[in-house]
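Look at the two complexes coming up: chain A is in both, with chain B in one and chain C in the other.
Entry: the complex of A and B
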């Protein structure tokens, strides 16, 4: 077994995570975490839908921002996908998707302020980068045969539209619909930085311990996501797309001078802005690296590796919940509900809740990342096992799990896990805004001190780290010959 | 099929590009730093908005923000023209917007105080100075941009121990606001915290603090804090003498319920120079360049 490369790689990652645990801060610091957790669950089961004025508006805004952001992202992503072969385009897309929606929002807030454009662009830009990559992968997979059968002299556009698109139309549509669900999550968390979506009210209620109010918002959010197949219909889509821009709210007017100022003054490193010369710039940068960037990078990597392995363990433990090879329909239904809740809750909101309940350390972040990502992967491989036909005399129970199913799905499982490595790292960085000392913490501190030059350097470093992890993950997947379909 | 899709997307793209809010150019907008529970802030500042509207003959609107920096940025970007800032955020904002001025401060803001509080399980006793007993405890500030919850406590910690807070305490956090600092120290999430004395006194009077779980262990020397700050270009935008009218309205605010919600006993004139000490401390700590 130890000769298998997949096992060796898995053990290596587990060893790194265990070593990481030695350095990580994983204490529960509240004196009575279970009482608060109990009060929170009580709030969720006794939701109060009528206490917050504007809850309906917040829900509407959440949907509107998601629709407009994802629509623009998919439009520009599609155009970029057509020229994705070009190296600069690939780099550009990797770069814009390496920066998290919340970081984009924090950047746009500095010059567009509380204008709807801030929220729309914060979703549309990283999503365009992701759409470009996935659309181009889907288009590459299309069967080349139909194009060869066209009469000579058929134009490139016609070939593309009539021979290429129809073959992968279903995948394009499925993926876009899936991204819309991700868009709703992104839209909801933008509220945490002040946009008028669900997160805004969730943060308000939660920080004041109004758990029934917070519970109502979470319940509404789950219902919104769970009922998507009912209300997101192809026929209704044009109506939504046309209507959505009108429900973004008016915000505050943009002052265009601020945009120029941001790019020509705010983000220019302070020593250059004050004409202090290159030596001053060097020491400015050195100080930033030593006191903020390096501790941030260290903590981000530490948390990412621990969360990655925790995600894997949780996914392996969770998939039997929905697998037809175990248990009866009752358990599978409750398993489905548990996994839907785990994967519908954005990591950021989960981490926020757990941080409030358990106090600040890496533990709430690890649990939040593992729950959300483990829920997604557990769901996917659970579904995969349902396609497996076992011999009638196959062992049952634990032996069936460990000798029949896990070996069969393990490669698929690793593929999903490595695919999500980069996504977990992006989230890890952003969780710093909540007070864990990852890169996001230092970005937030720089913004709180109105030092956008520092914030931008740190955001660029985060993006570079993310691109590096993405490249490493692709290398490992290629070496192990793992294939996967994209997840968000 | 995809052409239709593209048409749809283009249409919505065009729609969102149209300007949103040109009609509200003449609304006078203000904000405030989110230093307390938001429900309280919204209630308080809606009252202020109504009062100012009745005195200024323009539409007045309050917008809540999620961070101190967001309040400063909105002021700097001229999306709000007036703000209720803390000492530090006011200094930052006025540094970024030439011509802006501190208009009025609360009577209590001339001599503001930070309270250091501790969970009673630590056994820390009230004292006339910050003692070595707090060393090694866990500690929470309020918001990163707060004067009474961050700047002044950090200044006094550095002055007393000659070290950064991270070296004095075993864990340092930022609760987010003053109300939350009380809750976290009360719950034992952090053993020690520092906050705005007015928020403490008001919650104490309201009976919302569990005094068996948390107590004040040290009071800092006084310093200037909160103030109303207005942009320098409002006269050009809202008419000659507008700044003076806003100042007058604020100084004459005497609705007891509204004042009680701040809580301040009244407002008195303030000037930019009043906040020089705050600017110096911020520079010393490295929060201001």
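Entry: the complex of A and C
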């Protein structure tokens, strides 16, 4: 078994994560974490839907930002997908999607302020990069034969409309709908940097210990996501799209002077701005690298690797919950509910809640990342096992799990896990804003200290790190011949 | 384009020659049946001819090349995308014009499947799918037909009906057929392919089924 390359790669990653645990700061620092956790769960089961009138508005704003952001992202992503073969386009898309929505929001906040444009662009820009990549992959999958059979002289537009689009229409639609769900999550967490969406109210209620109020918001958010198939209808979409821009709220007006100053002064490295020469720039950069960038990168990598392995373990443990090869309908239904809750909760919100309850360390972040991503992969793998037909005399219980199912789904499992590696790293970096010492922490502190030049360098480093991990992940997937369609 | 005169037809897969080098001349008015064992190179030859005439022929490939998500109507309409402006084609995708609807409906009537006009091709049977590909080739209005086993999934009466229709609509054609009787009945020239070379080339009047079976 140890001769199998997939097993060897898995063991290597487990070993790295275990070594990482030695250096990682994993502790529960609050005096009474379990009592707080209990009070929180009590809040979730006794939600108070009528405490603030802001709740309905927050929900409406969350949906509006998601719709406008995802619609713009999908539109421009589609256009970019048409020219995705060009190397500069690929690089541009890789770059804009390597920067997390919250980082984009933090950047735009500095010069657009609390204007709706900040939230819309924070979603639309990284989503356009993701849409461009996935749309172009889907379009490449279309059967090339019909286009070859067209009469010579058929125009490019007609060829595209008849021979390409219809063949991948269903995949395009499914993926866009999935992204809209992600957009709702992104929109919700934008509230944590002050935009008027769900996260804002969640943070307020939580910090005041109003757990029933926070519980109500979470419950409503789950309902919103779980009922998406009911209210996101093709016929209703044009209505939503036209209406959404009107529900973004007023925000504060844009001060264009700030925009100009941001680009011409704020983000120019301080030594250049003050004409201190290249030596000063060198020491400025060196200081930034040693005191902020390197510790940030180290912690980000450490947390990513631990969270990745924890995600994998959790997914492997969780998939039997929804697999038809185990248990009865009751267990499967509750398993479904558990996995839907795990994957519907944005990592950021999970991490925020756990940090409040357990105190600042890497532990809440690892648990949050593992719960969310493990929930997603567990769900996909569980569904995959339902397509497997076992022989009638196949073993039951743990033997069925370990001999019949895991070996069959393991390659698919690894493919999903490596696919999410980059996503986990993006999230790890951003969780720094909550006070864990990853790159996001240093970005956030630089912004708090009004050092946008430093913040921008750190954000660019984060993007570079993401692009690197993405390349490494693709290399490993290619070496192990793992294939995935982008469904997660 | 009706007939063609091609020389140095050759194709290799993985360094192994599967066809040619051979020359082939087909005059306007010749209806050619390609016969021979499976694997002799008939499909490759048909694809090769299609490439060399630069697409100026109606092609029915073995894998049909249908857009599964589109209804029968649009799959057939695709045969004439070049004749209309982009806006016309785009509108047709949403709501076809009456003139095209009627023309394609009457074509489908000849193929015995006019009730399937708006059914997505994904949900059709193998024989129905084959007839859609044939419908597209006929609608294409080219002077030359290239077809690779176009009746392999059709039952007896339907196969005869389709072959009659093809002969009526195309004066010039090259059709790969594994059914020797059909080849003799509907084509006026028989070309036998063996190991990538022409092993037999005769008017069908001067051949009997037994002469051809030697190739198999």
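Quick note on the criterion: the second predicted complex is superposed on the first by the 486 of 488 C-alpha atoms of A that agree within 3 Å, B and C clash if a C-alpha of one lies under 4 Å from a C-alpha of the other, contacts with A are read in each partner's own complex, and residues count from 1 in each chain.
Rule of thumb we're sticking to: a contact is a pair of C-beta atoms (placed from the backbone, for glycine too) under 8 Å apart; a residue touches a chain by one contact, two chains touch by 3 or more.
Note that this is a predicted model, so its numbers are computed, not measured.
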item	value
First, second, both or neither for A:193, with chain B first and chain C second	first
Greater chain A contact set [chain C / chain B]	B
First (chain B), second (chain C), both or neither touched by A:146	second
Which of chain B and chain C A:252 touches, first, second, both or neither	first
First, second, both or neither for A:167, with chain B first and chain C second	second
Chain B versus chain C as contact partner of A:51, first or second or both or neither	neither
First, second, both or neither for A:155, with chain B first and chain C second	second
Contacts on chain A seen with chain B and repeated with chain C across the two complexes	161, 169
In the complex with chain A, residue positions of chain B that touch it	1-3, 6, 8-13, 15-16, 19-22, 24-25, 29, 37-39, 63, 65-70, 72-74, 76-80, 92, 96, 121, 138, 143-145, 171, 173-174, 176-177, 179-180, 183-184, 187-190, 287-289
For the chain A and chain C complex, residues of the former touching the latter	143, 145-146, 148-155, 157-159, 161-163, 166-167, 169-170
Partner chain A, residues of chain C touching it in the complex	54-56, 59, 61, 63-70, 74, 77-84, 86, 89-90, 93, 136, 140, 142
Touch list for chain A against partner chain B, complex	25, 29-32, 36, 67-68, 71-72, 74-75, 78, 109-111, 113-117, 120, 161, 165, 169, 192-194, 200, 203-204, 207-209, 237-238, 241-242, 244-246, 248, 250-255, 258, 270, 359-360, 435, 444-445, 447-451
